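The following pair of complexes shares a single chain, subunit A, combined with subunit B in the former and subunit C in the latter.
And now, the complex of A and B:
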């Protein structure tokens, strides 16, 4: 199997007078990477750059040696991004949301698979309920289900455990740990305990700069 | 196809869509209902009117009136290019036409009223026209050569029970001319388009959606297809309503009468019957509303909510158009003539389809003879394609790339 490697080469992102990312350079291999930093450090900006929501002002991001922006939809096919602000169409139910995102992600899902996916995140009994009536935790679990739909090579998760109860948090961490062997998982959270027990490597970011990288749970 | 179904569901489940559509449909029904007494004829009503009219068989009376008018009109050929010689009553060719047609309309529509005073007015007009003819005052209709050649092109207009043909068609006449309805249609299309293209931002799902492989260009195309389907359903429903009202209120055979038998279209250069005109006018509205979809797709680029594209749509569609009308009416500027020509061929004008069919088929586009309908549809095809191409390049975080992707 081709070695998976995500490389950041002097990535800088500027918004008028604000430098959100400043010469960010790193190489990520399969495993879980925790992003730690204060508010406004550049964590979300970095994630959006990887997800091709925004483009860096300068620098490049390569996946297996190829520019991710040049690949376009081909790269987006192998990633999955769960943003911090998670919204849904209120008139859709959980099954419809999953079906909708499966179409967006080029994934063919039958009813049984949708049911199984909802079962994995403990939402089976709410599958026909409109998402507009979901709690924050239920929306987060649905977001996790969507993230895992296309079996991505790169997972980008911004505050994935926000709103989850302790049991769900443990379940989610176990799921990530199982998946991390051959995937690059980038996780941003304010909950330090989530990162220190889970992440293989922790990246400290401040004012857009990568300050330090330390080993995690090992 | 599945994705298009989801996009349609997103639009149709939105409360504002339901409210705006209800307003549009409500106004349309209001126009039909207000049109029925104005333009329709019932045997009961006609019996009352013709009992007061000079003794004459029903249709023969109307036929005589029309023949009198036709005898009074002199056809004069004029060159295709302006300036046109001034008319007896107005300073331009179109003013002549409007004055004459208003005068004759009063006579023609008299059959739809049951009012005693209106009956007396009709009789007075009839006498006036007879007196005018006997004293040698002729009304002059001026046509350009192309229009008259089309008009004379063997269109058989039978002597029919004209009240039915007129009624079944003219009942919807106002909806094809009304500026208010035309504006409502345009703004409704702009609104649902703006909502559709900005729904990801509105529901804070854009980061999730736009990071997927089919969450940009393909999604935009699916949204455009969904809007096209919704607008098609509305236009088709309008046609079905017109058809059913006409069939139930009047005779089915009247639908196959040439539109030249009706007063507003007597000088139309199109070989159409009433049924095909109903289909054509709804198709023209459909084209105009899809044009709006294309424009709004560009105005919605990078919009974070539907407010911005709605405001821009209002400025672009309603604001610019009305400003132009104000400028034209106040000033006679040479540059304004160019704008008025452009406006005439602008696809939005298709929301008032009567204009294309009632007046002369051929106009002059910068000294080139041009079929106005063909030009408008051509402008639509080019502009719509361009709009969708532009918006697909920028939708959802995409960038316009001039280099090929590796």
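And now, the complex of A and C:
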């Protein structure tokens, strides 16, 4: 199997006179990476650059040596992104939302598989309930289910445990740990306890700059 | 293939929401109110007298029609020419008061009938002129149908409804905070835009037909169906129409053109939103594009006028200046919008 490597070369993102990312350089290999930093550090900006929601002002991001933006849909096929601000069409129920995203991610999912997916995130009993009535935690769990649909090689999660109860947090961390062997998982949070004993590497970001990288649980 | 149909179905579900359906029903009710409040056209002749003349000569032109017209012309000529003489005779006591009153009664009646008869004469002359082109025009009571056909222009209420519904569809991802999950998916960009365009076109077609049927039913309710098979050229106002259509075919053609341009408008809405990504600005731009041709209508000449008549949807103008130019303009606009939507770089969603 081709070695998976996500490389950031001097990635900078500026908004008028604000530098959200400043010369960010790093190479990520399969494993869990925690992005730690205060609010406004540039974590979300970095994640959105990887997810191609925004583009850097300068620099490049390569996956397996190829520019991710040049790859286009091919790269989007192997990534999954869960943003910090999560929402869904309020008139759709959980099953319909999953089905909708399965179609967008080009994943064939029958009814049984949808049920199983919802079961994995403890949402089976709410599958027919309209998501407009979901709590923040329920939406987060649905978001997690969606990000795992296409079995991505790169998983980008922005504050994934926000709104989850302690039991769900443990469950979620276990899920990530099981998946991390051959996947690049990038987890952004400002809560240290979310990534201790989970992340293989922790990247400290402040004012758009990579301040330090330390080994995590190993 | 199944996935595109499934996605189209889900997008249609968003479009055919309860809210949109209720708004459409309100729109139809508003049309009923406007229909009932719209004043009838004021004519400078009596519609009743006109109707009586039509009853006399209804049907194709025959020798009897010629005879009747000549007889009426003579009646009017004699009455008006005798007026002075009767006045003189009465003043000289050569006729009685009763005789004088009878004559005046006939005179007033004739004066009341003359404007309607003049209208019939115009129609008669027109019929004689076109009969030489191997057409067989028919006399029938055409005032109401003529008014209705003249009123078939752009459906402003429907255009407004369409703009708002589709704009909200396009903005829904951002409003629901879903755009950051959708955009990074493999089909979350150009593919999804095209799916939404197809869904919006289907929505427009269905609601466009329903809106047209609503109007047509209002007309039928008041006027019945007897006119529908009449040849359009039997209505003088529409005599310059290029096409040999019945009244019903003409109505279908105009509604069809109206729906066609609604579909083109959908593409324009999509294109505008792709570049502007802002509801208020997009609505403003689309309304400007839609209604500018109306403002400068009289200034536009020649080929451009023919093309833009489709937007104004003045049925007479479209069908008398060759509908091909209008349809061609619409198709070209649609294709350009489609190409730009898919291949032009768009404004990225900002991180704010």
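Note that the second predicted complex is superposed on the first by the 218 of 218 C-alpha atoms of A that agree within 3 Å, B and C clash if a C-alpha of one lies under 4 Å from a C-alpha of the other, contacts with A are read in each partner's own complex, and residues count from 1 in each chain.
Convention: contacts are C-beta pairs under 8 Å (C-beta built on N, C-alpha and C of every residue); 3 or more make two chains touch, one makes a residue touch a chain.
Model, not experiment: these values are computed from the prediction.
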Subunit A as common anchor, with subunit B and subunit C clashing or fitting: clash
Partner chain(s) touched by A:15 [first = subunit B, second = subunit C, both, neither]: second
Touched partner set for A:70, first subunit B, second subunit C, both or neither: first
Subunit B versus subunit C as contact partner of A:23, first or second or both or neither: neither
Contacts of A:85 with subunit B and subunit C, given as first, second, both or neither: both
Subunit B versus subunit C as contact partner of A:45, first or second or both or neither: second
First, second, both or neither for A:5, with subunit B first and subunit C second: neither
Common ground on subunit A, meaning residues reached by subunit C in one complex and by subunit B in the other: 48, 51-55, 73, 76-77, 79-83, 85-91, 96, 99-101, 103-106, 143, 146
Residue ranges of subunit A in contact with subunit B within the complex: 48, 51-55, 66-67, 69-74, 76-77, 79-83, 85-92, 96, 99-101, 103-106, 143, 146
Subunit A partner contacts - residues on subunit B that touch it in the complex: 2-3, 6, 9-10, 13-14, 199, 203-216, 219, 397, 399, 405-406
Subunit C - residues contacting subunit A, complex: 3, 6-7, 10, 14, 17, 172, 176-178, 180-189, 192, 348-352
Residues of subunit A defined as touching subunit C within the complex: 15, 20, 44-45, 48, 51-55, 73, 76-77, 79-83, 85-91, 96, 99-101, 103-106, 143, 146, 150
